[in-house]
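The data blocks that follow each hold one structure.
Next come two complexes built around chain A: one with chain B, the other with chain C.
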Partner chain A sequence: MTLDDFLHQESEWLKGTGPRSNIVMSSRTRLARNLEGLPYSHWADKKQLETILDSVRGAMDSVSFLKGSMFFRMKDLSDIDKVFLVERHLMSPEHTRSGEYKALIVDPKEIVSIMVNEEDHLRIQVLQSGFNIKETWRIIDEIDTALSKKLSFAYSPKWGYLTACPTNVGTGLRGSIMLHLPALVFTAQIERVLGATAKLGLNIRGFYGEGTEASGNLFQISNQVSMGRTEDDIIDNLERIIDQIVSREDSSRNTLISKNKEALTDRIWRAYGTLKSAHIITSRETVALLSAIRLGVDLGVFKDLNREMVTELFISTQPAHLQKLSGKILTAEERDVKRADLIREKLK
Partner chain B sequence: MLCEICGKKEATVHLTEVINEQMRKLNLCEDCAREKGAEMEEHFGLSDLLAGLADLGATVKPEAAVTIKCPKCGFSYSDFKKIGRLGCSECYEVFKKQLTPILKRIHSADRHVGKVPIQVGKTVKGVKDLQDLRLQMEKAIQSEEFEEAARIRDKMKELEKKNPESRDKK
Partner chain C sequence: MTLDDFLHQESEWLKGTGPRSNIVMSSRTRLARNLEGLPYSHWADKKQLETILDSVRGAMDSVSFLKGSMFFRMKDLSDIDKVFLVERHLMSPEHTRSGEYKALIVDPKEIVSIMVNEEDHLRIQVLQSGFNIKETWRIIDEIDTALSKKLSFAYSPKWGYLTACPTNVGTGLRGSIMLHLPALVFTAQIERVLGATAKLGLNIRGFYGEGTEASGNLFQISNQVSMGRTEDDIIDNLERIIDQIVSREDSSRNTLISKNKEALTDRIWRAYGTLKSAHIITSRETVALLSAIRLGVDLGVFKDLNREMVTELFISTQPAHLQKLSGKILTAEERDVKRADLIREKLK
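This part shows the complex of A and B:
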């Protein structure tokens, strides 16, 4: 399997399945781990960085979840390939920069990925579709335990797993959930909901764009604190709060349908009309319109569209995906044309 | 006016950038501004804010603290102040005095209670048990429950006898 095969396969997390997948796009956990006795990646010399790469690569086989996984050295990938992996949520934007000693491990289903020599020696990630945060923790816990039989992780009884940045010390765990909250945005409740969430020690980011201006009505919520709580507590806390937000979105959707059905349906069909007929479209506009279409699918407005296809369009209309599909580098203007072509083709 | 980066499109976004105390105005087109914006955002992360906390609760004078260096990796506390990251795992021990209030501020806690790696599991578990008991004992003393404190002390002694490696060096 090669990187290009990803282009024509649907990642597991894009399937639009799993609990509450009408509102929860994806659940993800990541663990930060470092090898004992070696400086953190930003402070290590070339030889030490190579040692880290070799050690992690050598330990891969002991993890059943990583069977058949690919190992990419960042220096062997083109700029487009790197951004492509970021767009698929398999690695961070940070990992695309100065990549001489950086690497990425990805399993063929794109559920598990490990960034090597990012901020920490290992950043293990597990990604699933829908509201499945407990399951992602179960899998990542197993992977971590398997790896720790081969690799000795830096750990202190007082401070737990030691990380390059003190904000990740302790469990090294960050759980994050991506939510699609159009009804809370339309009904202007989002500020209040997100404000309350932030007070409970959770971090909120607009998925595209910043803060509540987030286009696409996509929000990513994650835990801030990583020390002083057990992993189960962190995950449980996150799950409970998200559950409340999901219920609130659900009831707002019902209110919208019962009170503003015409206006809502109008908005959804207009979005569909634009996407189906546009010949030039920016990614910002695409994301905003796809959000409306996804809501339409959730509410049963469309008979022959499914959630999987709409979710997939969020990913495949991004710049690196379009360029890989075309097999060449495109300017912003060319991408806007290619994007419109792709969407029209899919909605035919 | 044309964009100063690509020189092709009309500049519609006007940014002010401050580098080394020099203020500079930038006139950019929307695309270049978006790229520039992403760049700036990535460069200013949590660790930058963290660097601002680095002098927090300094019992040692900040000037004295910055010269401390980790004997293992050579990373200094002033490096930490600059980039908000540490050099190696040993740094946690070396900069313990400075890091303790920072960690408390970030996590509202001062100790790990989660997973223990299996490799070191056996001895570490012992150490953690002892630490927990010591905390309980201190609490008991504070609330003047001396009988309870004595009971915990005996338990600690027993644990130390059973597992001499786990002796908690305070």
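This part shows the complex of A and C:
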């Protein structure tokens, strides 16, 4: 299996399956881990960084979940391939930069990925489609246990797992959930809901993680604190709050349908009409329109469209995906034309 | 024949045929005439107004162009029917108001219409599709000659034909041409072109005549002065200037195609996509989108669309037309839904 095979496979995070998948796009946990006796990646020298790479690579085979996984050195990947992996939510945007000693492990199903020598020596990530945060925790816990039999992780009885950034010390755990909240946006309740969520100690981020804006009515919500609580507590708390947001979105959708059906239908169909007809379209506009269409699919507006088609367009219209599909580097203007071509072809 | 038969007939002014019909929608002349020895309509009493009505009605038969024409007293028409006649450019918006002694004569082909007791006793109008201003003058001159054998028009050897408003004194002639100028608007040249046109002594008006804004890139251009020149001079001058504007629009279209084809195609197709998909749409947005589609038809962008279809939508989506087609009075909100339904049905 190679990286290019992912092109013809749905990202786990956008698959559109699993519990509450009409509102919850995907669930993810990640664990930050560092090898005992070695400086954090930013302070380690070349030899130490190579040691970290070798150690992690050597431990891979002991993890049943990583059977058949690929190991990429970042320096061996093209710029497009790196962005491609970010677009598939398999690694962070930061991991694309100065990659001499950075690596990525990915399992063929794109459920598990491990960034090596990002901020921490290991950033283990598990993705599941839909509202499945408990399952991601179950899997990542198993992987962590298996790896810790081969690797000695930096751990303090007082502080817990030690990490490069103090906000991750303790469990090193971050659970995050990608939500599609078009009705809360449409009814202008989103600010209030997100404000309340922030007060409960959760972080809200956009489409591509930290530092990015929300687009396409997609919001990524995660725990802020990873210390002073057990992993189960963190996951339970996150799950409980998300459950409330999901209910709010759900009832907003019902209100929209009963009180504002024509305006809603109009907006959804116009989004479809524009996607089906445009000859030039940016990534941002595409995501916004696909959000409306996804809502339309969820509400049964369309007969011939399903969530998978929408998902496929979400993924394949991203810049690096487009360029890999075209087999060449494209300027932003060329991408906007190519994107429109692709969408029209798929919606024909 | 009744008024409702017009519903299933194309308005002459939007037919989309005739010379330069890719740019010139229609040509129109009108003559203002008043009966000698009677005050202008606004100052006339009931008996005098009835006398005017009777005289004009009695003279109708002597005009071969008016054979089979209908004679409507405004007081006998519903509000919707009156607006319907305005939408078909067969009478002015002013003619819908306080209509006790107002009447309208219309020939079945909608080429000739005569408003009786508008500002002047007679406002004779001749419409032709496309760039056909000379032909409208030829026809109206013939009608004027025939009528003047039965009716004695107020005329001063010094001033010419006498009219209620001094701006019409002299020939009483106004020639006007409806132009579709999307490329001049798109390339932001329109202000300059219209400014130059105004300096040459022509008036520029919007979609429904005096006092209305331009919409759908449609501009109505007419002569300002009707005195001190012969009718032939007025028509020649108008024709010459319009010819220049048409050339400018033409070359702008060519420039757009060669330099900006993708952006243009994108805009045209998006207009189509929106019309084909919207579930709520205002009259104003409809006209703007249809303008883009008409340009698309002219430039050969569409395979399955022709100018007639666009024309039919232009006409049938107007408020009174929509209500007559629905057979009932509709609120503005209901019309916006009905309009969208009708457009989707036609573009299916």
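To be clear about the criterion, the second predicted complex is superposed on the first by the 340 of 348 C-alpha atoms of A that agree within 3 Å, B and C clash if a C-alpha of one lies under 4 Å from a C-alpha of the other, contacts with A are read in each partner's own complex, and residues count from 1 in each chain.
The rule is short, and it goes like this: contacts are C-beta pairs under 8 Å (C-beta built on N, C-alpha and C of every residue); 3 or more make two chains touch, one makes a residue touch a chain.
All values derive from a computational prediction rather than experimental measurement.
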**Study point:** Touched partner set for A:Ser156, first chain B, second chain C, both or neither
**Key:** first
Q | Contacts of A:Arg73 with chain B and chain C, given as first, second, both or neither | A | neither
(request) Check whether A:Tyr272 is in contact with chain B, with chain C, with both or with neither, and answer first, second, both or neither. (result) second
In the overlay, answer first, second, both or neither for which of chain B and chain C A:Ala340 touches. second
With the two complexes superposed on chain A, say which partner A:Cys165 touches: chain B (first), chain C (second), both, or neither.
first
| task | Tell me which partner A:Ala263 touches in the superposition: chain B (first), chain C (second), both or neither. | result | second
Per residue count on chain A, the busier partner among chain B and chain C is B
Listed in rising order, the residues of chain A that touch chain B in the complex are 34, 36-40, 42-43, 93-94, 119, 141, 144-145, 148-149, 152-162, 164-167, 169-171, 173, 210, 225-231, 332
As the complex stands, chain B meets chain A at residues 31, 38, 41-42, 46-47, 50, 73, 75, 83-89, 92-93, 99, 102-103, 106-120, 124, 127-128, 131
Chain A partner, complex, touching residues on chain C are 262-263, 265-266, 269-270, 272-280, 337, 340
